[in-house]
C-alpha cells in the first residue's frame, strides 16, 4: 500500500471505532449532558468530524461545501481562532441535529476526506499528512472521552443502566514491590527534531534534561483494597492528610469514597460500564481525584511520583497493557474497568501496569517544557493554552485506544476531577 | 353509552391527544430540558401516566403491579405525600427510560385504566370517577405544558427548528374599545356545592361575594404593534414604569422585548412552533411576564384588571375561541400562535378573545378564596400549596385544550415567567 | 406655638431619637452589614439625612450647598429618579464617611432644615410641610430598621454582645379567646380626601369598600409556648403543613425554630437586644417568617387573618401598646422584646396587643387598593413600586416608634423574611 | 545584649511596626472586609497576636490564661489542628471585639511574651526560640497583607480616600537590557541543614539541584508605559495571547487594565495608598495577575522566568531595594508604590530591582521541593498544604518589610489574584 492508501485505511479504521463505541447506545443516551465537563455522545461524534472539516477539508479544498452552515458554530469546542461557538455547558440542550443527521454528517465528511487524501497534489499532501494524523489522534482522545462521559451520563440515572455486558474478572491481590532508580540527569520528552520518532503531541516536547534525585517507585497500582483501609482509617475525615484546596472540596462535596462507589450494607459497590458491581480488593482504585491520590499517598507515608520520575521509570517498558482493543468488532465488548495486576515472580523488578488500566496521577503541574512553542493558528490552541492549574497524569487507561499511548504522553486534568479513569502509583525519595 | 363507557371514551380521547402532540417530535426532542422550569416531553408523557397509576390503579386495584418499580421515584412531580422523587432540574439528565419504553408504560396503564373503569364495583366507582376526571384535566394541563416546554427547547437551538408547519395568518389591526361595568357586589368562583356545576379545580371555589368598584375593560388584547410602540418609547429602559422587582429582573436579564422576539435589521421576528417569522402588528403580544404586562399598562395610562373584574366581565360569554382543537387528528397541525382579534361592528360591546389566544395577566396575587380548604391526602397538594408569590392569569391560550377552560378557571405563574403563553388586556377604574 | 415652631420641635425630637438609638453603639457596630437586607447604623443615620437634603433642601433652597458631593450617590437607597446609587449589598464595605463625619452631616442638615422651616415663604411652606411630615415618618421607619438591623449585626457575632441592658419581664400564660365579627361590606383604608384625617402613607388609601364573610379573630398573639408545641409536633419537618415555597426555604436553610432561637440542653434560648435569654412560654413568638406563620396556622387548624379582617377588627381600638417610648431619654433603655399579653377578665372581648409588641403577618399579598395612584416624581417611589411578591403585616412592634402607627398602617415584607419583628394572631371563618 | 534580650528587642520592634501601620487608620477602616480574600485590619492585629498566644504562651506556660475565651475561635486563620474557627468570608461581619479591645489584647500578649522570653528555662527556650522567630516572620507577612488589604478596602469606596500622604516620584524611562546565563546544574533553595544559614520558611528547602538550559533575563521590570502599549495593541481582547483559564477570567470579569487603573479622559489613573494619581510610563506595572503577566510576556515575544532561573539570577545580588522601612517612625510614611528602575551605565549587567518594588510572577507552579516534609503539628500547616493551583512570585515588594526577604524566598498566589503587589520581569531561552 502507498502511504496514502495506508492513511485512508487508518482513517476509516479510527472512524469506525468511534461508531462502534456509540453502537450500544440508545438515541436518548447520545443526547444527555450530565454535567458541564461531559459532552453528549452525538456531540463527540460531530465534533471530531468538524475537526476534519475545519482544519482539512475547508482550507485544502476550495470547493468543499460544509455539510451544514450551522455546524461550525455548534461543534467548535474551544478554538477561538476558528470563530464563535456554542457554550460548552449547553451542549445537552440541543435536540438537533439528530443522531441520524450526525451519522450523515460523518459519512459526508468521510467521503470527502477519502477523496482529499487520495487525490490532493503531492506538495499539498506533505502539509496535510500531519494534520490528518493529528485529527486521528484527536478522534482517539474523544473515543476515551466518549466512554468517560457516557459512563457519567448513565451513572446519574437512578435506574443504573449498563452500557454493555462485559465480564468483571477477579484476581488475587499481589503484594507491592519497589523499583529503585539512581536519578541524575535524564532525558525527558519527545524528540521533536527526529523525523523517525513518530507522532507525538506538541506538549510532549522538546526533549530536555531534568535532574532527578534517587527515588523508588511502586511496581503496581494502589488497589481498591488498600483504598478501603484508607477509608476505614478516617482518610476522608482527617484534614492533616489533605492539601487545603482538597480539604475544601472534600467537605463541600461530601466525598467519602471514590466516584461511583456506594456503601451498601457492609460492602462497597461501584458503578461500571457493565452496571453496578461489588468492589474487589485486588482491582486498581479508579475515579479518584488528584486531591484524593495526594492524600492517600501522604497517609501511606509516601508520595506521588513526578511526571519525570514516572517517564524515566517507564521509558524502556513495552507500551502494552489493558487498553481498548484495536478493532471495531471487539471494541464495544471489551472490559472497561481496570483489572488486578498480573502476579510477578520478581517483585520490584519492573513496574507492572505502567501502561493501561488507569491513568496515574503525578505530583507535577502541567507546565510547558523548556523551549516549548505553540504552533501558529487554531491548531496551536490544542494543548498549550491549558497549561494552568492542572496536574499531569501518565500511562493511559483501560478505555484508552490501543496504540495511542507513549512513555512521553502527558494527560492533564484539574486536581478535583474524578470522572476520568484516574488512579495512582506510589513513589518515594531514597 | 353508560357513564362508564363515556368515561372510557373520554379517557382514550384525552390520552390520544397527548400522543398526537408528541408525534411530530424526534426522539431527541423528547429528552431535552432547556431550563429548570421546562420538562422533557417524555417526562410529561410518563408523569401523566404515573398520576393514574399512583392515585387510581395503585389504591383501587390491590393486585395492580406497577409497570416499573423505579418510575414512582422518577415521575412524581411534587407530591410530598407520594414519597421522595427525582430533582426537578435534573429531568433532562435521564436518558432512560427511553421514549419507546415510555410508550409501553402508557399502553400498560391505559389497558389497566380501561379495566378499572369498566369493571370496578359501583360503590368504588363513585369515589374513583372524580379522580379520573381530575387525572384527565391534569393531563390536559400537561398537554399545554408539553407545548410550552417543547417550544422553549426548540428555541434555544441555534438551528431554529420548527415543531410543525402551520399557517401564520395576518389580519388588519382592530381599534380597541372599552366595556364598562358598574361594579357592586358580585359572585366570584365556582359553586362547589352544586353537583350540576361540572368539574372545576379546587382553587376555583368556594363561590363568594366580592365588591367591585365601577371599572371598564378593553374589548381586545394588547397587540404586538402596540408593544412595539412601548419598546420604541423606551419602555424597557425607564425605571419609573416598573415594579421594583420587575426592574431588577429587566436589568439583570437584559430584557428588551418579549421572549422569542429578535431584532433583525429593521424588523422584529418571533420564534414560533412553526419556526421563526416576522412579527405582525395586529397579533396579540405573547410571552411577556407579569412585570412587563404591568409596566406596559402603566405606560399606557391604564392598569391590569383584577381577576375578579376579569371573571365578572367574562362570566356570561361563550367559552369559545382559539384553543387547541379537540381531535387527535387535528391537534398537532393546529396554529399554535395567537391570532388577531376578529373585527367588530360594535367596539366596546363585549370583550373579544376573552377565551383562547393568550392567557391574560391580572393584577391579582394567587391566594385562596374565603373558606378554601385543601383536600386531604396527596391530591390536596394539587393547587393550594402554590398560593404564594404567584400572579393569576385568566382565559386560556391557543395551546390550551378545547373544552378545558371556564370563566372561573385560575391559572398562575411567578411574575417573572415568560415561557407560558402570557399576554394582557387593559382595564381602568371609572 | 405656631405650626412652624411645632414642626421644628417635632423635627428635632424625631431626629434626637435616632441619635439616642445609636448612642449605645460602638463605632465598629455602626459600620457592619451582616446580610444584604441589613444596613449599617451609620448608613441609616446618613440616609435619613440625605432624604431631607434631597427632597427638601435641594429643591427649596436654591443656594443650599450639599454637605458633600459624594453623599448623593452613597446614601440614595432606591430612588431611581434621584440618580445612580451605591449598590445595597455593599453598604458594609464603606469605612468612610466615618461615624463622626455622619454626625457632622446630620448637624449640618439639621441647621439648614431649621432655617428652611422657619424662614421659607408661606406659599412655599404649604408645599413643603407634607414633605417634612413624610421625612419625619420616613425617619421613624428607619429607627425601627436601625434596631432590626443592629440586632442582626450583633447576633451573627459568636461573642453574643448586647445592645443594652433591659429587663425581660415574665408573665403567666393567658388563655386565648376569640372575637367574632359579622362581616359584610366594610370600609378599609385611609380617607385621603379628608384633610382632618392626619398623615398616612399613600399605600393606605384610597378608602374603599371590601366585602367580608363572617369571621373570628384571636384576642391575643400566638405565644412562644404554643410555638414550642408546634416544634415538638414536628412542625418544621412536615411538608403537608407548608406552602411549597415555604417548604423549599425551610429545607434549604435548615430552619428548625424562629430566627435567634437556639436549643441549649433542654431549653430554648433567644438572642435579644439585651443579650441571650431563656425563652418564656407566655411571650409572643417573634422573628418568624410568613411561611412559618402560615404553617403554624394550618397546624393549629386555623388560618391567618386577611389584612381587611385585621383592620376591621382593630379599627376602633385605641392605638396604644408596647411601642418604643416617645422621648430621647427613655428610648434606648426601653424593653425591645415583646411581652406577654395582659391578662383579661373578658376573653374574646377585644383583641389584646393589636398594636405594638410584634407585627402580625396577614394572609394578604401587598397590592394596591382600588384607584391607588403613585405620586409624581421620586417621592412616588416610596411605596407603590414594591407591590409585588410581599405580604402585609399590621399593628406595629415593640421597636416601632410611639405615635407612628394607625389601624390602616400597612407594613410589608417578602414571605421568607425573619429579621423584622414578625409574629402572628390566628383567625378563622365562621 | 544576650540573645534573649535581643529577641525581646526584636519582638517589640516588629510588633511596633504593625501598630505603626495601623496608626493612620480610622476605627471604621479597621473593620471592613472588602472581599473574601481581604481581612480587616483589626483582624490582622488580633490574628498575629493569637499566633503567639496559641503556639507559644499556651503550650509553654501552663498557667497562662487566654485573654478572652472566644478569641481562639475568632482569630484562628486556617489551622485545622488548632480547632474550629470563624469562616474567613465573614471576618467583616464582626463589630466586636472593638479596635480598642484588640489593642488591649496585643498589650496583654506582649507582656506575657516578654516574660516568657526572659524567664523560661534554658532547655525550653531552645525549643521556643525558633517559634518566636516564626511568629515574627509571620507577623511581617501580615504587615504586608494589612497594607494590601487596606488598599483594597479604601479602593472600593467611591470617595477615593487615601491611607496617607506620600510623594510619588517620577523618573525617566530606562531601556531594558538582558542578562545572559549559561545554565547547567545549579543549586536551588535554602540549606536547611546549615545552622548558620539563618531563618527561612520550610517551603524554601531542602536545597537541591536543578538543571537549567541557557537563558537570559531582563535587567528591569516591565513598566506601566510598556503595559499601555499592550493595552493599545488589544492585549486584553486577543484570546490567542492568553491561557484558556486566563481568557475566561478576563472576559467574565471584564478586565481591561491592571487592578486600580481607571481610564479618565485620555489618561490612565491609578489608585494608590496615597490616593488616585496619574500613571507614569516609567513606573513598574503592578497589580496584574499571573494570567495578565503571562499574556503580556507572550505578546512581547518572550516568557516569564521559572522560579529557578529567577533565583539563580538573583542569588548573588545584595538583598536591598525599595522595601518598607525598618523603623516604626518611618514605616507609615514610606512611599508604598513601586518606583522606576534606577538608571544604569551598564545595561544587561545585573538585574535591577530584583528585590523590592513589586513581586515578580514566575512561570513556576508552587510545588514542594524534593524531600520536602511538613513539620508535625499545627505549625506544619504553615506552607505545605497550599501547594496546589498557585504560582510562585519572587523578590518582595515596596510594602514588604525590610530584612524579611531572601533570594530563596517563595511567595505564592492563585493565578487570578491581583490585589497583591504583583508585577513581572521578562525572560527568554537562548
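Order as written gives the chain letters A, B, C and D; numbering starts at 1 within each chain.
To be clear about the criterion, contacts are C-beta pairs under 8 Å (C-beta built on N, C-alpha and C of every residue); 3 or more make two chains touch, one makes a residue touch a chain.
It should be emphasised that the depicted structure is a prediction, and the values quoted were computed from it without experimental measurement.
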item	value
Path length in steps (a step moves to a chain that is touched) from chain A to chain C	2
Identified repeat of the A-D interface (over half of residue pairs identical), from A-B, B-C or C-D	B-C
Most distant chain from chain B, judged by the mean position of its C-alpha atoms	D
CA centroid of chain A to CA centroid of chain B, Å	47
Between chain D and chain B, distance of the C-alpha-averaged centres to the nearest whole Å	60
Centroid spacing, where centroids are CA-atom means, of chain B and chain C in whole angstrom	38
Touching chain combinations (by label order)	A-B, A-D, B-C, C-D
Touching residues (chain side chain C, partner chain D) in the complex	26-34, 70, 73-74, 86, 90, 92-99, 153-154, 156-159, 161
Partner chain C, residues of chain B touching it in the complex	78, 80-81, 185, 208-211, 213, 239-240, 242-247, 291, 363-365, 367-368, 370-371, 380-381, 385-389, 415, 429
